[in-house]
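Next come two complexes built around chain A: one with chain B, the other with chain C.
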Partner chain A sequence: MATRTQAPRTAPGATRRSGAVRAFSEALFLLPILAVVGFVLVVPTANAILHSFTNWNPGYESPFVGLDNYVELAKSDAFRQILKNQAFLLLGIPIWAILPLVVSVMLYERVPAPGLFRTVFFFPATVSPAIIGILFSFILAPDGPLNAAIRTAGPDSFAANWLADPNLVRPTLIAVLAWATMGTGVVIFSAALSTVPPELFEAAEMDGAGWWQRLFYVVLPTLRHVVELWVVILVISAFVAMFPWIFTLTRGGPGYLSTTLDYDIYQNALGFGYFGLAAAETVYLLVIVGVVITVGAGAFRRRGVEA
Partner chain B sequence: MRKRTTTLRWALLTAVVLVFGLAACGGDNETTPPETQTGGATTTTESTKPVTLEIWSWGSPDEKVMKQLNDRYMQEHPNATIKFVVQPFNSYFTLLRSAVATRKGPDVFMNYASPFLFDYFQGLTPLADYVSDDLRDQLTGWGSVSGGLKPEGTPYGVPWLGQGIQMYYNKALFEKAGIDPAAPPTTWDELLAACDALKAANVVPIVAGWKDGYYAEWFGELFATQLLSEDQVANYYANPEWTDPAMVKGLDYVKQLVDRDCTTPNAEAIPLFPNAVDNFASGKGAMFVGLASNNAHWGEFTPKLGDDLGAMLAPLLPDSNFAEQRMNFGPALSWAIAKWGENPQEAFDYVSFLVSPESQEFLFEQAGSIPNVAGASPAVTDPVAEEILGWISDTPVWIGPFTTIRAQVEVTFDKMVPQFITGRTSIEDAMKQVQATQDKAPPIPEE
Partner chain C sequence: MTNRRNSPGKTVLLVVMTLPFLYPFAFLVATALKPLPEFQEDKLGWPDRPSFENISAVWDEVGLGQAMLNSLLAVGVGVVVTVLISAAGAFWFLQHHGRAANVLRSLVLLTMALPPPVFIIPLFVLMSAQGLTNNLLALGIVYAGWNAAFGLYLMHAYYRALPLEVLEAARVDGASLLQQFFYIILPLSRPALATLGVLAFLWSWSDLLLSVVLIQDPERRTVTVATALLADQYSTNIPKNAAGVLLALIPILAIFLLGQRYLARGIAAGVGK
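Here is the complex of A and B:
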């Protein structure tokens, strides 16, 4: 006769108590990270938001000015130009995303000693953007090596003021950033590609798929999540990590044609002493990045469902 | 699907972290301001307690020369240690802004002797109790650093050295173009004629670098001021009107030179410092608007151009208000004592040493810095320097709107320079933006 054993039952009161103890102990584990997040994120952000409603004068009297800082920015031609610049920079995202992907696939499929190439491509990512910026300001100068090479190879008219011409400065920034971000993208995509079974590519090749077809129909769907992550990182960087590039390459000029939000926040705060205005601009930046990421993430999600 | 959602969540978290991190950049400092310490009454109180004074400069005059002065000061004051910090010019005023906000930084800092100083007002120690009547009499330029921009107002800095703007030219290149090197242009028409002759001889007539904006300030100082009345110039000191038609017209003369190809081609992509300055020094053009003192001046050019270096006053414009050519000259720099400093008397003793006739004579001889103190009579061996000093003493000198420009206004103007120089923005529109910044500038203390 089979003996059926029954797990000992605990009283309902005891279950509630043990649940509460467990919740409490879990909360204890969460406390350190909550404290860190609160200390380094929530408090300073709340501080900046509060000060955006004042004529903030750090360490000194900061009178309340209501929405004045926000209104002033909204009315400012310079601020509108800065927003246009940010939108223009977003046009670089496809280039900054696809270029390293293509290079990664080429390294994966076609190149001997891919590790060596990956190292070479990754090198810019190990150098400070400020140093690369200074390097490029020399390369792109009117009498710099790039124009010298162009003049040697072809007519003078192709030489240009890459960083001073209003029509060229933003595309030039996108090109410089394409070079600077490629290494990190290549490493990320190469790592992701190494987890894909080679049979998948071999099967596609045997089925007659060409290189571009394999890229679009095999690689892209397989690395979809990694591409999404990389795009999100790029979008965020286009808003909050432009400072060293702008500072070293253009100082926001000519005029305001290459000024970005993060550079303008720095300039308003530490250049002009308009800390309240800079705080309001930071809040605008926070909202804009939040909206762009949310909309972008929503689009990815919808496409994911459709796929 | 779940993995993708997780990825996106992480991405969103990353976004929030980065953006919040940026928001956190502006930390507040709610410490109570220390009470202003007003130690001794005059410049002669000598302290014997050991003190270390941190001094900030942007390297003008040259650091090596300043080191010699500092060494001399420390020999004379064994209790004092001078920590002289040369900050990069491009970051100097942002670092100073941070120091004022956090009340931490130098004991003494350099600034311009102009309303520029008052953009850091909260960090300035009022010096009324330190500055003696004798010192007021000895130094020129108190009106640039005192409350209400009046010489009798409360001083917030001690004016130091003099500065002027005029033109330099390369005699060898003038000769190459058939221009008499002993008779540089004195009028606008002569300037244009020289420009045409130099172009015909394949010489760049005027070395330029508009990218950082400063060069247009110097040109504007020389040209626009000629079109302003005495009252307008005086009014600019406290209440500038950058959209004034005379100012716009003065800058338009600069634009005319650019449009006539009288300046370095594509100079909107060339910064003044160091490129344009180096270009003139290395003979890449015939004329240059430069300074009289400290940098971008004869002290830098003579070693490279030798006897070929000449100096000239700004040519008179057709509608100039000047009856004759005049020298632009006024106070150059100032030393301020930080409000948070713990040794204001010792800091003032050090500043008093720097502005003394002996120190300024030494600075002229070593760095070409023109003194602003009575009693300084440095030995002048450079003929170009001698000529400039002669203009300062013999012609009616003036200072114009760009010498007295505010910090924020200068940034906006400098940003607009490449725009209006290349014609992408009209001068009128550019100056409207400059005026908008001027209107927002914090007020200068009345007393």
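Here is the complex of A and C:
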């Protein structure tokens, strides 16, 4: 034991030097993450903001144009349609939130093999949205299995061109997303429910509350913070995670009726070469995400405290 | 909820609700194993003589085998770099919790609010200027940057719950920082590393936007992009498309089965992206 206390670092001169060495070697742990995050996320985002005020021609002179890109977007019919599409998608939020809540409550009550059910619901949530999107393009095709099932079960007129009909394309997207978001919702709500004492619900049943009453007056308030957090995540996803769905299911059509902001950024820059417009659109998107996060910050904080 | 008794009606209802989640995969397998002429006659049934011709066709002709290797390379680099830089960064923040360090940590965590659609176009412009597009290693680094903030959050939360007297003792014994990191911190945080690794794998493997923009060379396409573009190439040959989708699903299924434990834990604890 005594030999250890004789280590040379106990000498006063060496301590200061080894302090500097230590700070430097410590920094080696921090620098990689700062460098990678800086290069991949921070510098490009700053670049997008700067170039949103220019007529951006990558590789060439990009003249400053002030707010022209923003104004052009605001005046464009396509961009207005895109904002309407985004608003329409938000109508899916109650569905995307309540469906997994109902299923996780059913699983919380005693059913055989709840883990197996959770696995069935959860697996699709781990598959690439792009892959699920292609799969659903088969299912929803005019002569695909969904229409075949409808023709077998009922009148032919209920069969439809789900992804090409202007009235149906957005509701169809909401339905596909309900399928895709179910698993994550069930996992999150099930984890939250597993910490709730069963007595809470038993008391409500004893008082004569029906199943739906218990769901809305007992479960929902108890899981309020988790539900809020899930809704914030869903709202953000409806703005920033739509690209693979649109790319594989509709390519934004018919017309602009299913184009989302993230798909249009891609299309403007790499399809049409309008990099300046895409940059301004990026800033709009950034502002939207910022507002949603600020409004929803409470949900994150409360959840952080709980976890 | 409530008295938690077994209710057959509810179980039947749940079974019915799983059908829409199981059927698409059954349809996928049936279609991928069906030769085109048979599919044109019978779109829905199980194939009379299941055949692997579609699968071997997309593997070779369309180069899905190559795409699979490309994905493995980019995603593999992405996962290793994500785990290393997140664990190392979290180790630094474990030892520095002054005001400045906390602000810095919040700033890094804040980049979780920068989704790919925000940074992909300028990143593409910057990377083309440096000749870094069509480069699977660079794509791996991009995946790491995209996942690192979540990784830092997860690892830091995990470290803080560790019994750190061990570190103190190791320091007294003269262990260097690297030794502390590799011999104490990393082995102690294996479950968190596994969770992060599984999530980073699935997120990166699933990516379409980053790879479709940063890789144009058909030889270097990742499997998600190659599968998504199959439809353009064989718009009328659904069985071939289905075979591609089935192939792309296999690695996801493997990771899902191997890592389900870590996955559910990670999502429940951190509520991913």
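The criterion applied here is as follows: the second predicted complex is superposed on the first by the 245 of 307 C-alpha atoms of A that agree within 3 Å, B and C clash if a C-alpha of one lies under 4 Å from a C-alpha of the other, contacts with A are read in each partner's own complex, and residues count from 1 in each chain.
As a working rule, a residue touches a chain if its C-beta (ideal position, glycine included) is under 8 Å from a C-beta of that chain, and two chains touch if they have at least 3 such contacts.
The model shown is predicted, which means the values in this text are computed figures rather than measured ones.
Touch test for A:N57: chain B only (first), chain C only (second), both, or neither?
first
Applying the document's definition of touch, where does A:P124 land relative to chain B and chain C: first, second, both, or neither?
second
Name the contact category of A:S25: first (chain B only), second (chain C only), both, or neither.
A:S25 sits against chain C, while chain B stays out of touch.
After the superposition on A, what does A:G273 contact: first (chain B), second (chain C), both or neither?
In the superposition, A:G273 contacts chain B only.
Is A:W212 contacted by the first partner chain B, the second partner chain C, both or neither?
After superposing on A, A:W212 lies clear of both chain B and chain C.
Tell me which touches more residues of chain A here: chain C or chain B.
C
Between chain B and chain C, whom does A:F158 touch in the aligned arrangement: first, second, both, or neither?
A:F158 sits against neither chain B nor chain C.
Which partner does A:V240 reach: the first (chain B), the second (chain C), both, or neither?
In the superposed model, A:V240 contacts both chain B and chain C.
A:V40 contacts which: chain B (first), chain C (second), both, neither?
Touch status of A:V40: both partners.
Could you give the residue numbers on chain A that contact chain B in one complex and chain C in the other?
Residues 40-42, 44-45, 47-48, 51, 58-59, 141, 229, 233, 236, 240-241, 262, 265-266, 269-270, 275, 278-279, 282, 285-286, 289-290, 293 of chain A touch both chain B and chain C.
Which residues, counting only chain A, touch chain B once they are in their complex?
Touching chain B: residues 40-42, 44-45, 47-49, 51, 56-60, 77-78, 141-142, 161, 163-166, 224-225, 228-229, 232-233, 235-236, 239-241, 251-256, 262, 265-267, 269-275, 278-279, 282-283, 285-286, 289-290, 293-294, 297, 300-301, 304-305 of chain A.
Quick one: which bits of chain B touch chain A in the complex? Just the residue numbers, please.
Going through chain B, the ones touching chain A are 1, 3-5, 7-8, 10-12, 14-31, 33, 93-94, 97-98, 101-103, 119, 122, 211-212, 266, 268-270, 407-408, 411, 415-416, 418-419, 422, 424-425, 433, 440, 442.
Tell me, which parts of chain C touch chain A in their complex?
Against chain A, the touching part of chain C is residues 1-7, 10-11, 13-14, 17-18, 20-24, 27-28, 31, 43-44, 81, 84-86, 88-89, 91-93, 95-96, 108, 111, 113-126, 128-129, 141-142, 144-146, 148-149, 152, 157, 172-174, 176-178, 181, 202, 205-209, 212-213, 224, 227-228, 230-231, 238, 241-242, 244-245, 248-249, 252-253, 255-256, 260, 263-264, 267-273.
Please give the residue numbers of chain A that touch chain C in the complex, ascending.
4, 7, 9, 22, 25-30, 32-34, 36-37, 39-45, 47-48, 51, 58-59, 103, 105-112, 117-124, 126-131, 133-139, 141, 143-145, 148, 179, 182, 184, 187-188, 191, 198, 201-202, 204-205, 214, 218-219, 229-230, 233, 236, 240-241, 243-244, 247-248, 261-262, 265-266, 269-270, 275, 278-279, 282, 285-286, 289-290, 293, 303, 307
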